[in-house]
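The first chain written gets the first letter, and so on, giving A, B, C, D, E, F, G and H; residue counts start at 1 in each chain.
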């Protein structure tokens, strides 16, 4: 696997950056090079488009777009690429993330967004890796190892935890 | 009031056109010139932006953007103009329009969308007229006349209707 | 632009005043004269109507009405004017603002309320300015400048923020 | 019990009249004189207030207010009387009546609306009768008879119905 | 007005007692004698029925029943009396009171519960007073005085509060 | 297995009877004797209690209670027995059964209701059988056979169905 | 009653263990032997199946499965046994447990899960006991005693608590 | 691109097959070989696992799992593979698909499901193609051609459609 950026993570607001550490952790752990940018579908629409188009030219293969409220970022990214776009709805207001979830997942026919759970940055990172692993045997092995580690962790907990 | 187009109505899908007749009726009734285009935030994003920018250059003063599901059209229009953008969430799937409502109204700080009720095309037309009427005494008089007519209609119904 | 009040902000409860600072900030920043009053659709209905009618006579051009729970203030204001009324649903109870949102936005045909996001006071201020700017080139320039500033702020953040 | 109107039923739209037959039936059955008017909180606000104030002067004792969407009629009536106001949220759009329910029931402190189920016109009629019966022994007997009849009807059904 | 208890307040759980102070305050302020009991529709169903029947024999005229979650208390009380029953849905879990609201208000035809807002104990007290005032001119005057006081309080706030 | 009734099915309204055929079918198929009665928690509360207490004396082991709207029947049954009570929320109004689901499942601590899906009468029958099978090896075998048949049916479908 | 484990409690995540103390308390109080394991439907699916199958062979009679978010654990357990499976939806994210509730209760025909309230671990324990008590007179007596104690506690509170 | 199956489509119930035609159409149009099977996470859990494991051995690269209600199929598939799993929530009951959406998307950390809109079978097909296209230039060209065709279709509609 080259050092070329394979995943571009975009978020609509700098305030949301701390909610995305899960994606960073899992991509680092799997050795997948990624870049992170703040770009808003509403406040910097041209910039968001430009980042997507540049990234695609430079060989980025998967996008992760995160935003709260009426989360249009993932949809806006998806409208400008045929690469897979993963959407992460973010909670943070009184709506419990339902607004962001529906705004991310309910895309019209033609332009899908691969939506994960509200606040599911870590799963977005894993899903990006799974997509890349469809044709990358080494990465697939790493994902399987991570899965086994996760299983062992659950099993190790058992017996030590009471209710 | 000149014949120049003052309101641009955009909808995300041709299928939604019949749901917008309420806007047409009220704008025709008030003598406000408008144009209608099909443009999708996701399927034709550049076209949507181009229509907005052209319209603004040609003197359009208010936008009405309608779409169902994850309704990003109104937000996408709002991101490319500082003119008022009225959003009409459309129902049509099993979600009852809640997805379209939240996707339209829950805009992040900086880029408002003036949202009306689910399926509220007629109110979108009236709101557009109200905005134009803030500095148009003739139009204001027409709106007041329309309001009085509406009142009389309610009053005329009363006494003829039983339960 | 004269010093005459152009925007009237009404709120249903004095307790909600701190939630409206976003509207004040943006109107001050754009140099739009506004007034603020506490008036409840339910506890002081006549007073709410009187404030609306007086304001309209004195040349106010846009109303912003804020309230939580079964937010009827915006609707009550809209029923007494043909000027544009912006509704701000306020959260503050266990319902997450869904009650206020639906009570504000789901207006029946004939009387629209231009609804912004739950807690969206800042966007209400911007929307008011956008409405006024439809025929005010200076204000339009200020809105564009504000928009550019917002873009630059997002761009400046980028690169300094990591995840 | 005199022939004087004791209950005033108001509805926001003539279209809703058929949904209110349950209230008429039960008030007729119990011999409670009532009047019915169409009056909208938004389209005919002054008329709604006038009907309430006239009714109160003429000795009406309970109000029933019905409306769909952002149902402000019950709240508007309640704001102009200290008599009990019963609110009937009406369904009829894709929201399943949730908008009307929250707009009716989530009244702020000081101005209650006695809300019944979505579409609960019959229960509104019964509740009006129960309120009047607090000091009317004859009416209380009639309500108890109605309750017994209802019980017998359930019991009579049993045994004849299979699954 | 005699010293005889006119309102019986029931709550499903002792933990909810602090949420009911609003009802006490308003009944005390209006000089309406009331009693308060803890009685659960599920844990002490016979006791709940017995309290209702005893209260009715002793001349209680209105019931207020409060409970959270699947709030059956108001419905259970309503099933055993033809007197008006006011239901107060209580919040307190992650559902934001929506469970309690629907469990209280969505009563089947025949047995209404006069439902107030989630957490609306004060409004339940006022509604009880309004019901009693339908045939009590003194109480009606007190309610009007309370309403005026409330108006004056809103008006007094105005001008002192800024945003 | 004796011919003694082991399951009592109660429904709040005769209108709901057709929605319960799934429970009958599965109990018949498994040879579990059951009885069916119409009994409302609100319209015939004493009767509901009497049916529960009689049934318990006669050896009934499981209750199935079905009702729509503010479904209190299951809770009312559960309040009068320590036998397992299965609740079936029924849809039928504009709320999509959410009201019945929350009213059935959100029981307070101490009095559980074993809730199945909205409209899940067949699953209620199976759950009743599973409860009885905890100490009935013959019934457990029948349940396993039914499960295998269900599996084979899914497998048999596969290959014959295309998309 | 033997010392053999009769109830198996499974939870999807060790973090949820503290939310299950209510189940432990009630099973201990009733002298019902139980075991507790951490097993995830998604992270350790084979392990979850193996624990269920082993438990069934060893004579476990009831399962309690707890999990948050898209709670598949109860359904996964139910798919591998014909013994009764009690599902406990757990809250813990911004969705208020609605996701876990719907994921637990809305099971397709054929595989029921006996769902209790969000966070209803104590009720899950009681329901397990009720199921076991259908053929265990001693346990039924204990459940009745617990019920009486609960009643007395409510009654004892009354009179000491004011509002 | 070889003729080897690259996408496996699974659905929980044969009844849902007609809702999946959108996925078939798009995969056929793009020349992506796929297979379709009926397999239920609850009724045929082992079979679902076996189909997934066999498919993975045979070189399938993406899974599409569709199901309504408490949609566990996508999660169950995801638990047994590190390949990308696309989940399609299906509507079909009174809940409007909200149950299926939350059950599909709200996966716990570690096991993502790439969720598309309720009823979004066509988008699931497109997303599968996008994933495969990350390393397949021919497929990427086809996707771009499809996108252009879609754009032209929207543009061609415009001007022919009125409101």
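What we mean here is this: a residue touches a chain if its C-beta (ideal position, glycine included) is under 8 Å from a C-beta of that chain, and two chains touch if they have at least 3 such contacts.
Nothing here was measured: the structure is a model prediction, and the numbers come from that model.
The chains in contact with chain B and with chain C alike are A, D. Graph distance from chain D to chain G, where chains that touch are one step apart, equals 2. Here chain C and chain E face each other with different sets of residues for the most part; under half of the interface numbers are shared between them. A straight line joining the Cα centres of chain B and chain E is 43 Å long. Computed from the mean C-alpha positions, the centre of chain A lies at a distance of 35 Å from the centre of chain C.
Residue positions of chain C with contacts to 2 or more other chains are 40, 43, 69-70, 93, 95-96, 98, 105-108, 110-111, 117-118, 147, 150.
Screening every pair of chains for touch gives A-B, A-C, A-G, A-H, B-C, B-D, B-H, C-D, C-E, D-E, D-F, E-F, E-G, F-G, F-H, G-H. The touching residues of chain H, counted against chain G in their complex, run 12-13, 40-43, 45, 49, 67-70, 72, 75-76, 78-80, 93, 95, 98-100, 102-108, 110-111. For chain C in complex with chain B, the touching residues are 22, 61-62, 82-84, 86, 101, 105-118, 120, 122-124, 126-127, 130-135, 140, 143-144, 147, 150.
Chain G meets chain E in the complex at residues 91, 96-98, 117-119, 147, 150-151, 154-155, 157-158, 161-163. Touching chain F in their complex are the following residues of chain H: 9, 11, 14, 17-18, 20-21, 23-24, 36-40, 43-44, 47, 69-70, 93-96.
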